[in-house]
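Letters A, B, C and D mark the chains as written, and numbering starts fresh at 1 in each.
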Amino acid sequence: MRILHISQNSLAFDQKHAPLASSETLREDLRYYFMSPCEKYRARRQLPWKLAVQILKIVMITTQLVLFGLSNQLVVAYKEENLMAFKNLFLKSYSGVDEDDYSVAVYTKQSVIDNIFYVLDQYSQLDQLSVGPVSYAEENRRLLPLVICKESYRPGRVESSDELLRLLVFLVNYRLVNVEISFTLKGINLQTISSHEPPDCYMFAVTITFDNQCHSGKVKITLDLDAVSSACKNWKISGTAQKNTHYLLIFDGFIILVCLTSAVLCIRSIVLAIKLLQRFSKFCLKKYNRKVCEDDQREFLNGWYVLVIISDVMAIIGSVLKMEIQAKSMTSYDVCSIFLGTSTLMVWVGVIRYLGYFQKYNVLILTMQAALPKVLRFCCCAGMIYLGYTFCGWIVLGPYHEKFEGLSRVAECLFSLVNGDDMFPTFAEFQQKNTLVWLFSRVYLYTFISLFVYMVLSLFIALITDAYETIKVPTQHA
Amino acid sequence: MRILHISQNSLAFDQKHAPLASSETLREDLRYYFMSPCEKYRARRQLPWKLAVQILKIVMITTQLVLFGLSNQLVVAYKEENLMAFKNLFLKSYSGVDEDDYSVAVYTKQSVIDNIFYVLDQYSQLDQLSVGPVSYAEENRRLLPLVICKESYRPGRVESSDELLRLLVFLVNYRLVNVEISFTLKGINLQTISSHEPPDCYMFAVTITFDNQCHSGKVKITLDLDAVSSACKNWKISGTAQKNTHYLLIFDGFIILVCLTSAVLCIRSIVLAIKLLQRFSKFCLKKYNRKVCEDDQREFLNGWYVLVIISDVMAIIGSVLKMEIQAKSMTSYDVCSIFLGTSTLMVWVGVIRYLGYFQKYNVLILTMQAALPKVLRFCCCAGMIYLGYTFCGWIVLGPYHEKFEGLSRVAECLFSLVNGDDMFPTFAEFQQKNTLVWLFSRVYLYTFISLFVYMVLSLFIALITDAYETIKVPTQHA
Amino acid sequence: MRILHISQNSLAFDQKHAPLASSETLREDLRYYFMSPCEKYRARRQLPWKLAVQILKIVMITTQLVLFGLSNQLVVAYKEENLMAFKNLFLKSYSGVDEDDYSVAVYTKQSVIDNIFYVLDQYSQLDQLSVGPVSYAEENRRLLPLVICKESYRPGRVESSDELLRLLVFLVNYRLVNVEISFTLKGINLQTISSHEPPDCYMFAVTITFDNQCHSGKVKITLDLDAVSSACKNWKISGTAQKNTHYLLIFDGFIILVCLTSAVLCIRSIVLAIKLLQRFSKFCLKKYNRKVCEDDQREFLNGWYVLVIISDVMAIIGSVLKMEIQAKSMTSYDVCSIFLGTSTLMVWVGVIRYLGYFQKYNVLILTMQAALPKVLRFCCCAGMIYLGYTFCGWIVLGPYHEKFEGLSRVAECLFSLVNGDDMFPTFAEFQQKNTLVWLFSRVYLYTFISLFVYMVLSLFIALITDAYETIKVPTQHA
Amino acid sequence: MRILHISQNSLAFDQKHAPLASSETLREDLRYYFMSPCEKYRARRQLPWKLAVQILKIVMITTQLVLFGLSNQLVVAYKEENLMAFKNLFLKSYSGVDEDDYSVAVYTKQSVIDNIFYVLDQYSQLDQLSVGPVSYAEENRRLLPLVICKESYRPGRVESSDELLRLLVFLVNYRLVNVEISFTLKGINLQTISSHEPPDCYMFAVTITFDNQCHSGKVKITLDLDAVSSACKNWKISGTAQKNTHYLLIFDGFIILVCLTSAVLCIRSIVLAIKLLQRFSKFCLKKYNRKVCEDDQREFLNGWYVLVIISDVMAIIGSVLKMEIQAKSMTSYDVCSIFLGTSTLMVWVGVIRYLGYFQKYNVLILTMQAALPKVLRFCCCAGMIYLGYTFCGWIVLGPYHEKFEGLSRVAECLFSLVNGDDMFPTFAEFQQKNTLVWLFSRVYLYTFISLFVYMVLSLFIALITDAYETIKVPTQHA
């Protein structure tokens, strides 16, 4: 609406000075260019194809995302429960909850040895123990071996053997850096059968690490699981299945098509806009001998089109990746989900553009546009203080408080404090052991919170209220 | 007060042009219609019946709700404690706290079998074990059986038998999907005796499920309890009781009566208003040949009456359901409480209407009326971005963060973040295992929180402050 | 400052019409009455006694409160640790943390009997077990007995005896309501010796309750401790002590004196003000035949004096109670602390009055005065909706969510939600078991939070910003 | 920009009245003095040395801080893990989590004796147990002894001996105040080897305290670890190392140099400013016979220079301390980190000054400058009420609520409540045991939160919005 306002001003200017035929068509084209889909339909009976494509795209991309998410949820749950099961099976004295990043911590030589033997014992009895359909993995009809790898300051490598006990007792001394036990199991996800899909087979690469790198008297035991989905080779599956995925592939293909159409339409619009701009600037230069000012030029470049094109490209890449995953030739779920997720986010944000055609609806966008430069400039200043506090808090309070351990954690902690979260725990976790640091922490926290919550946040409100006031007036008069 | 203002304008308009007798009575009726109860009393000495009925209704409905809630609290506590007791009795190695949605998780075949036998053992010794008044349920003088139901990919059903052990060992293999042990117990709630009411009898349908649907090596054991209140058949109860419920039924009946009265009065008012509107529009049409504009028409339709009628209908339905529950012919407590609760909420909200008669009190309502359309329009725009973030967060962060597991959970999590809750935990729970997703989560959370807390919330304040300003001026002048 | 403004207006009015001698002294007295301590000193060289007394009072009352609190902290810690020690000594399978309101819960007959015997065993070996200085209490040289009290639907009372086992097995059946074991121990708090004070002796009345009132199969075991401080009779204490308390008593006496002085001075001021008001109104009536308007009359009644007098009376009562506690003739610590605490709060709030004499400092008070009526009126309206939500939430969500169990808890939970606390946990604790209630809870929470956080809170800001604007203008001009 | 405005006013005043040669140079110098680095470069081609030094300083100080923090993180982790390992080795029944401030609490004589013997047993088998490189410490080739120290009301000291058991049984009676077992171990941090640095040796002074000071029947066991880094004497280290620290020392030296330069430049600027001010005031006195007003004088004293000098001095002290720590002649890490952290904070805050040269960027600083006096004055008033609530809450609620136990904790708790944190837990933790205190706590919390969140915080927003309005106008016109 602001756009129309500006362009009509310059056209009004045209009208007075150059009532020529060519200028008349240019004027018409310009007016048409800045119309909303609704007005275009009224003016030239042009059906809003682009709008229809966008709406179709929203529905399809969201459906695709939801389907993908739901199917993936089962896989994630399956992997997590397997990890849990392996931890309970192979780690002695595992309590069901991980400590920090590791599963179990042991402190005596005896318990290190016990834990190593426990793993070996449980591994050897696996088929009697486990309630799930797992068994030893094999390659070319030979069972894959269990590998024990030991790293110490005089490095050595020990394969699974019978004389193991004597060896291990000897090995667990203070020079020990790492013991790593790794083996591979195969499993089958029967869960999919209930939805009449063929089962997925998995290779579980289990790695149990006894970590003594810190040499602090605490050996951390971690169990890592790398679950790779693979085709089920030695399983005979009878019955109808596999079809469901065909429908999905067709759907994905259709999405790619829609996104391509949308992208092509937007690129065409941008090209047309640039041509129109060139005609307009030539006209201006010829008639009035003046250049089109930058602000007017910017009106021709529609940021929304750029957004839509980026979103389309991401959706296409995401869909292709998704098809690869479904064909099991790829497993990088994360990259795919980031592409799909971001494109969906952009598509939904793009809806605001169409809401903006209704005069009363685009307060949010206009206010944001008006407030953004001020807010960013202000964020620069506040950011300096924020950075200073981040560094200062990390170096001084890091050794005494869990939340100040890493730079990114400090930044997140301070960000949460600004928003009024987790304040009392942050205060309370400092124990009064070291009085100097305790005092410093009080000064640090009180000044930071007061400064940011009361000064900076209030200024944000002031800035945006101010921007809203400036927006409100033309909206009322227009 | 705004209502009066408008109608007096149109009446002032009447006065000048049509000083007729019929117009005079219409004018009087109109003026009377828009009066507050207090003014009506002064004008025609009409006692404010409707107001009195409303006040009586508030008192009675709130009393009813509190009595119902208190009596129900005991029942809920009884059921919960029974569930707890059964979990402790029948589930081996139950720690007192549930893991996720299930009570216990086991990981080895042996422990599955142990747990099944433990249930059977405890069930057979029930009368020696339990401290509560529970015993085996019977129907037609025959004890109800304990049923073990096993679902596997080759389904089978096993009734409780002596050769059970051999069978079970055979059964617990990877094809197992489900084992379900179900039995029925009867109990008696003696607690009510202390308040001189007859005891309630209960049938407890206990279902213990060993869930291996996921085939991930983790068998989840859940205990579900379905407690149904029933009449105590084989118990001889002596002494005076039962009277208390009579009083309650009379009270409920009286409430239904009051609500009916209130509803009838409101319907009458609406009918009168419509008639008055018809007279007024006829009059306008005849005299000035113009239609009554829509805004004026809307003044005649009082939204409060609609609210009161809905509230009355809900209270009546709720009271009827409550009487059914007390007569033990129904157990759907939830539906009843939703009807009663919602009607009470509406009745209390309705009080604001009477406060609104005092000029200074209706700032809240007027400001809300003024701000509501803007706020809703603005919510549309913000909602698009919100939806986009919800989908995007679910698909990308779902597998890595508990709070992003389901779409509704993501929406709740984001809503909490906007209000400054649980921010640090949301940040902190992402572990730096997957760097790409970790980076994405930071960008995602920082942009979302900054956008919504600093931009959107500040705009809310701006919108409502603005609405308040526009409201304030006429209030001061009126 | 606003006061002075008004009074000077009316005096200016005097001046023109009645230049009489008596009016002149009245004018002088009035002007003097409305002066600040500083101006009074400049005008008549009167030393600000009242101010000095107030400052002295702040210092003394705060000192007294801190001393009292510190000494009490030790006593509280002593009692709490004893309670902990008794729980660990007498309750079998006590884990160190209480479940809900009870210490341990048991579910089988055998464990009830085991727990009862454990208590008796531990009690009989107390001197071999406990590390603290506790022993069996005696009265008139006879040991106080251990009492076992059993309540069942056929009530009976059993004294500690040898045939106990047979009896108990018989007793623990479903008719059992309560078993209560109570005994008394004596202890001595040696901790005070280190600060050269005489030790305090304590009588510990221990009550262990096996609660089966609910008859739900869950027997809750609670241990209650009633610790009464008493004089140490059979202990010979040598060395210097007791003096410290003398000083404290003198200090308390001095505080009472100061508070009395302050109260008397304030009452005198109020009396003088009333006399002055009478003179002024007589004068007005005689000269101009008009009454003093209510607003002017209110200027004479200084609310601060009332605050100071209430605070003084509370401080005096608190100090007397404190002396009683120190003399060990009373133990109601709570009443005393409430009196002392509230008086200290008022004394500190009273400081604002003196800050208000500096023109720029009294923004807070003036804005609050201006905003208070609007805020209260607005709170009425919001309160209705709040009450409605409270009742509705309690009845519907109570059985499904811990936070909605009691009416006061619901109110607190909603209050916290309005302030952005604990939002996600409130959402997340509803499990999707009952879909209808789950849906209701979402609608309930989203509407409540949106309404209150975005509409009501923003209106608060609008109201107070508005009040501040009206205050600011006269402040700048004055 | 405001500075320039003011000084140009006075110069404009100069220009009209005194067109002399000396006044002309003064004017030139003044104008130059108030220029930004950019303008100075344009005017006299002077390169912005000071700016360059500041930028260099920011980069270097931040680098130094990050390096120092990272190296220290390893040391802190090493110490913490050692503490954890010792607790697990020497404390019987240690659960992995500390209770309050102590590690384990025991309640019976037997368990006290068991725990003491456990320590001795584990100590004697240390080399068979521990997985870390620790061994008994020795001094002058003699092993350092394990010392058991017992404090009771008849004090005694017992050295480690064979007849220990009989003795201990005798000792653990109610007169016991403290048993302290202390011994020294030596360890080596091999972790540094991986980064090709020489290993650090540590002396661990372990103190295990059995604390019975309270005589409440609860003996608290704490393990304190004092880890002192020392040179590795009896270790032969081969290979290249030590160089890395050389580079670090050179880097630190360079930082000291830069900071010195920066401080000298700033002092020079201040001296120049004072001289200029003297010339200006002499000139004013001579020409117009008037003094330079205080506001104008303040313009000459640049607060930023003072900030930079303080920051430089702190950075220098911090760097020196850091060099001492690296040379292992000092261990006071905290003092060093406070100096380095604070100087880094100041350096980053100082960046805002340069942003302030861009007209649109200094909104934050100007608004803060404008709002600060009002905010501080207002904080005074609010602070009084806050203090009152703090004292009142401490004395009344202290014995019943963990968060109200100490004065500083109450202040922190109330501060968190104002910011909307931890509200529900604060409400919920009060149990309804003592009805009077429970009621008081509700009144206390509701009034405090309502007052501060709705009145005081809204006023903050009003104050700062107001300050922003006053700032905004000249910014737009300038």
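Convention: a residue touches a chain if its C-beta (ideal position, glycine included) is under 8 Å from a C-beta of that chain, and two chains touch if they have at least 3 such contacts.
The chain lineup, named per UniProt: A, B, C, D = Polycystin cation channel PKD1/PKD2 domain-containing protein.
All values derive from a computational prediction rather than experimental measurement.
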Report same or different for the chain C and chain D interface, where same means the shared residue numbers exceed half of all residue numbers found there. different
Computing the C-alpha centre of each chain, which chain sits at the greatest distance from chain C? A
So if I superpose chain A on chain B by CA, what angle comes out, to the nearest 5°? 90
Could you tell me the distance, in whole angstrom, between the mean C-alpha positions of chain B and chain C? 35
Distance from chain D to chain B - Cα centre to Cα centre, in angstrom: 49
Residues of chain B touching at least two other chains: 420-422, 461, 463, 465
Please name which positions on chain B make contact with chain A in the complex. 99, 105-110, 112, 153, 172, 174, 176, 212-219, 374, 377-378, 380-382, 384-385, 387-389, 391-396, 398-399, 405, 407, 420-425, 427-428, 431, 434, 436-437, 440, 442, 446, 449, 453-456, 458-459, 461-463, 465-466
Inside the complex, what are the residues of chain B that reach chain C? 62, 65-66, 68-69, 72-73, 76-78, 81-82, 84-86, 88-89, 96, 101, 128-134, 187-191, 193-194, 333-335, 337-338, 340-342, 344-349, 351-352, 355, 360-365, 367-368, 371, 375, 403, 408-409, 412-413, 415-416, 419-422, 457, 460-461, 463-465, 468-469, 472
